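Same chain, two partners: subunit A is paired with subunit B first, then with subunit C.
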Partner chain A sequence: MIPEPAERVAARTFPVAELRRRLAARPEADWLRNLRGSALASVEAKGLPTRRDEAWKYTDVGALGVAAYGAAEAPVGTPPAIKSLTETLQLVLVNGFLVTPGPEVLPAGVSISRLDASISAELVQARLGGVLSPEGKPFVALNTASFAEGVVVRIAAGTDVETPIELISLGLPGGEPVAFHPRCLVVVEAGATATLIERHCGKGRYFSNGVVEVALADHATLRHYTLQDEAADAVHVGTLGIALGKESRYEGVVVHVGARLARHEVHAGIDGDRASFSLDGAYLGSAQQHIDNTTWVTHRAVGGNSRQVFKGVLDEQAKGIFQGKVLVERDAQKTDAHQLSKALLLSDRAEMDGKPELEIYADDVKCGHGCTVGDIDEKALFYLRARGIDEETARALLIEAFLAEVMEQIAVGPVREAFAAVVGQRLGGAHLIRRTDDHW
Partner chain B sequence: MMTDGMDQVRSLAEQKYKYGFITDIEADVAPKGLSEDTIRFISAKKNEPEWLLEWRLRAYRLWLNQVEPRWAKIHHAPIDYQDSYYYSAPKTKDGPKSMDEVDPKLLETYEKLGVPLHERAILAGVAVDAVFDSVSVATTYKGKLEELGIIFMSMSEAVTKHPDLVRRYLGSVVPYSDNYFATLNSAVFTDGSFVYVPPGVHCPMELSTYFRINAANTGQFERTLIIADKGAYVSYLEGCTAPMRDENQLHAAVVELVALDEAQIKYSTVQNWYPGDENGKGGIYNFVTKRGACRGRASRISWTQVETGSAITWKYPSCILQGDDSVGEFYSVAITNNYQQADTGTKMIHIGRNTRSQIISKGISAGHADNTYRGLVRVLPKAEGARNHTQCDSLLIGNHCGAHTAPYIESRNPSARIEHEATTSKISEDQLFYARQRGMSSEEAVSLIVNGFCRDVLQHLPMEFAVEAQKLVGISLEGSVG
Partner chain C sequence: MPMATNNEAPLLEIRNLRAKVEGREILKGIDLTIPAGEVHAVMGPNGSGKSTLSYVLAGRDGYEITDGTVLYRGRDLLALKPEERACDGIFLAFQYPVEIPGVTGFNFLKTAVNSVRRHRGESELDAMQFLKLVRKKAADLGVGEEMLKRAVNSGFSGGEKKRYEALQMALLEPRLMILDETDSGLDIDALKVVAEGVTRMRSPERGMLVITHYQRILDYILPDRVHVLAHGQIAQSGGPELAHELERTGYAQYAGQAA
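Moving on, here comes the complex of A and B:
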């Protein structure tokens, strides 16, 4: 095997000494210090993954030099006002620091606090890192070792929260590029129902490495809508872990329009019988954007249901990745698992790589996946042109229709419209897909 | 009702390997183990030219620095490469001049296998280049092929008689540096088949070779090279049965296909090496590199395989679609039972314009077996108008086996269309009930359903093989059902 050149090794190695110094200076509880310590050891041992790691075969985060980005400092002054997508309970993190911890009066059954707040200490100690262990996940380890402030959202048993909770992560580096690590823990107790909106945006060069852990108790439901609209020079890595209890439901939609490089990684565990998991994704890439959606769904319980649909549109030199693995363990009989990835390539230099995987050890299951890559259907285009629609409009219409299947999965009307508006803004103009930074 | 099916599966699982017998023939054996001396011994035994020995040694030196691939979903005890014989040939005095001179024990073996040699060969219309252990013993039907200018002989004979052709094409599709097992094969290959079909010639019969591992502890390193010149057509059959044995045997073959303009090669395999017993003891380790190059315009390469044997199958017959309008096809049935492990699939590399490929893979897993489809479809930027369709279906029988699908799809051309579909299921009670209701026994019903499941692949086999393949599917899964 050819050894890696020294400068590439350096690019993947974090300034661990600096991280350690920062940790030591932090007044934290022993359990958290220990959790961070073991995560840091793993960061030190492994560094950033390379393309030789199977899970990172198509995405090299280290190549963009993010390991050298300095840690973000707490922002000073008043936080920028962010327009809410709809009427929401808004929480704002700037560079990983919680600057707007939500309204003072929360609906009954909802509690929101900082990760290190004493009121949630017991819950956090019991749950943090429980859904997503840093083991084998280099960016979760990095986040665990480094996050500044995190958020805990807890929905009490039996509560049906109508107002969506909107979590906004803003990247606002001063001059030099910075790295920050937003962290969020969402606990939905038995029989409760809630909606979570997650938005990522910013300006300038930064590396956002977020981790969200979702624990769904028996019969709980979470609708989770994510809009990744990071700045054009940003590197975005987001890891989402979901543990599903008995007959719980998770309905997720993730829409990517921003970032220079984005990796959205989902680990879902169907731990309780008859739980239902659905995840839809839409992504638009242009210029040199690199958008990676990677999912691991593990069925461990009987009668689980999982479905995933990812649709991407790639223009110019954009590159799209879809890696999805469905693992059905021996005891997960009567599992129904489906996965679909479709991509449209609009330019000669765009690229799509897909790797849908099934690993199945139970016999009484229905599992399937589909994967297609192609360009816009010439016949459909002709049909529209024949009805007097100009080519550009016709193509935009067809792309919108292509993505509609995903957008329609957003069950909350105003959120669906707001997400569709952001997608719509990027469709049209000289290039089919263009960047705008002005909608927040 | 399903209990019936389960009982059946159990009865199949307990079935003994039907082709297990050992022929006792004095072997001319190289010293045990692998070294430059072993390679020089093999090369000298075969009177090879200097360039070939050099090529072997280059491969060997590279191999020493390579590591065994670990990415496949297979598990096995470490292979001791020094604990194997790398050359073993049936003793010949001056070489048989006719069939009468062939060792009668060999002929007996072929009888048992049902290989149609001498009159039987003519009756069956099949030319057989029978490989017993590592050296070709007899080749029939040569006359007719020679008339047409078709070269069909053992690789060692071809090295002497057609050195230019061998030198031009050997390693041109699978270079000696390709992968761990192909590199090992390049260093120590003993024999195999060589086929050259001249321009415009349509080979009138199916060419066939039976491979058979015989002497204990002899790894089998076959090297096959098939070249179809412009406008030529050839269909080649490869079939394997191996005797019962307790120690694991390594098999690392390399097959290279070259299709020039408008040429067509159809390569069919029925692989039934000894799979090990019902406790997973013994069985062949089958690490094979098979690759075809569609070099010419509108050329076509088609792989069809029925994999029922071997303890471990590691095999990815691939097509490099270089010529414009070329076509690659892969049709596969892989059946694993007991503790067998199969990690098999294909690679379709689209380079030329309007290249097309089709993949149909059917995996059936029973007992404690693991069956993985692993494939790659890659469309390069110049492959304007490329098309691929992939269908992978898995069937699970019983609750201790695994079925896995790991396709890689990489597209770099917007005009390319790639479609991949995969499903995993079991034989449903509804299907069984429907068939039973119409008066079939549950055995017949299972047979019908499994046959239906594999039909898309089996129909691509040549007539000569279809019967054997159906029989193998039956033996592997259907118990006494005829």
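Moving on, here comes the complex of A and C:
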């Protein structure tokens, strides 16, 4: 193998000494200091992944120079007001710092606090890094070593929380580009049900490297809707880990419309029998956007169900990636696992890469996967135009129709409508995406 | 804005129209004039170019016009985009309506109606006004509420698709109606309902081009003229009696012409 030029390697290595200095200055509990220390050691040893790493074959985060971005400082002044999508329990992180810690009065059974708050210390110590270990995940390691303030959400056993919890991460660099690392731990206890909305937006040049860990106890349910609407120059890496207990349900939808480069990486473990996991994704890319959805779903228990549908629309020189791996372990009999990736390419220069993969060691399973790439149906386009609908509107209608299967998975009406409105807004122009950075 | 028109000119005037598909000449010099207020039927064997003619008039891509002109109300039709033609009053009821999964009928119909209304300088209809309109027209044509809720043409039976074309036509109130085998696939009762709907739209300003293989629909929509299209040309024209004659004789007499 040809060695990489020295300056390339340097660009991929984070300023570890600086990180170490910051950590030493932080008054933190020993257990957290240890967790961060070992994460930092792994960052130091490995740096950022390169395309030689199988999991990063299509996406080169380091090439965009984010390693040189300075660490974000705590924001000063009043936090910007952000319109909620619907009635929610809203939390706002600016550059990874929690500026709006949520409403003072929370519904019974819901607790929301900073990761370092004393009331959640025991829970956090027991769970943080438990769903997503930094091992082999360079960006999780970097987040673990670097996160400023995080959020822990706990839904007590048997609670059914109707009001969605809305976690907003805003990137607002002052002048120079910054890097920040939002961190969130969600624990849904036995038989509880909740909805989590995650929104990422901002302005300017920044690197957001978020980690969300979700622990679902037996019979718990989480609906999780993510809108990645980062600024046009932003680099977004989000890693999501989900541990599913017996007969628990995870219903996730992720919609990407923003960022220069986005990588959404999901690790789901079907650990309890008859758990059900569904993850749907929709993404729009134009200009030179690069949107990567990478998922690992591991079935370890009997009778699990997993479904993934990703649909992307790529215009101009945008590039889409779908890498999905479903692993069915030997004991995971009666597993039903499906994944599907479909992309519409609107320009000759747009590109779609990647692969769905199945690795099955159990013999009594139903599994399937598929991957298609196509363009707009010309017959349908003509039919619409022949009814007086102009070409742009007709295209937008067909694209929305293509994405509808994913959007319909958002079970909460106002959230579905709000996400669809953002998508619709981006479809309104001569090109796929009309930039409207100010809509939050 | 509606386009400037010449009120003296015929509604549609096709002169020596020649068109190629994939390098092969399909229309080989069509001459056909439809004055406002008239209904013209076009009959002819399979593959003779009837649908090709209808697509060329509606503005579908993929046809190379090698000669001739098409004037619609005195203006060059071929220079317009499909949506401009539709907004100016041309409506093609497709022989094979296209299924569009994911686009709900309600959204589609409302977008189409409001596009055309905007173009005509009329106010757009809001959801309630539109619902009222569509319910009435749908009831007239026997289109069930359930069909309106589904995606456009998705999983519709052959006959349902044709009724749905007729509904769109009634909603858009076109000036030149081109019906490409709208009768095929309709059962006897549905044919009567649809044909009556079409007949209600007859007016001194409107014209129709009714492409069909069967006399039956012409019993309802009495044509002023009947043309035989064979091998890409109008081989014969006559009054309504020509349709009856063809019913008896078939197209054998046109075989081999204009090859």
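What we mean here is this: the second predicted complex is superposed on the first by the 440 of 440 C-alpha atoms of A that agree within 3 Å, B and C clash if a C-alpha of one lies under 4 Å from a C-alpha of the other, contacts with A are read in each partner's own complex, and residues count from 1 in each chain.
Criterion: contacts are C-beta pairs under 8 Å (C-beta built on N, C-alpha and C of every residue); 3 or more make two chains touch, one makes a residue touch a chain.
Note that this is a predicted model, so its numbers are computed, not measured.
Does subunit B (first) or subunit C (second) touch A:E18, or do both, or does neither?
After superposing on A, A:E18 lies clear of both subunit B and subunit C.
Where does A:E54 make contact in the superposed view: on subunit B (first), on subunit C (second), on both, or on neither?
In the superposed model, A:E54 contacts subunit B only, not subunit C.
Of the partners subunit B and subunit C, which touch A:Y383 in the superposed model: first, second, both, neither?
In the superposition, A:Y383 contacts subunit C only.
Applying the document's definition of touch, where does A:E73 land relative to subunit B and subunit C: first, second, both, or neither?
neither
According to the stated criteria, A:D363 is in contact with first (subunit B), second (subunit C), both, or neither; which is it?
In the superposition, A:D363 contacts subunit B only.
Once chain A of both complexes is superposed, is A:E135 in touch with subunit B (first), subunit C (second), both, or neither?
Neither partner.
In the superposed model, which partner reaches more residues of subunit A, subunit B or subunit C?
B
Is A:F402 touching anything from subunit B or subunit C once the two structures are fitted on A? First, second, both or neither.
Only subunit C is touched by A:F402; subunit B is not.
Thinking of the overlay built on chain A, is A:E391 touched by subunit B (first), by subunit C (second), by both, or by neither?
second
Please give the residue numbers of subunit A that touch subunit B in the complex, ascending.
These residues of subunit A touch subunit B: 1, 54, 330, 333, 343, 345-375.
Looking at the complex, which residues from subunit A come into contact with subunit C?
Going by the criterion above, the answer is residues 377-380, 382-391, 393-394, 397-398, 400-402, 404-405.
Would you pull the subunit B residues touching subunit A in the complex into a rising list?
It is residues 67, 71, 379, 381, 394, 396-426 of subunit B that touch subunit A.
So in the complex, which bits of subunit C are touching subunit A?
Against subunit A, the touching part of subunit C is residues 58-61, 81-83, 85-87, 91-92, 94, 97-103, 107-108, 111-112, 115-116, 119, 151-152, 168, 172.
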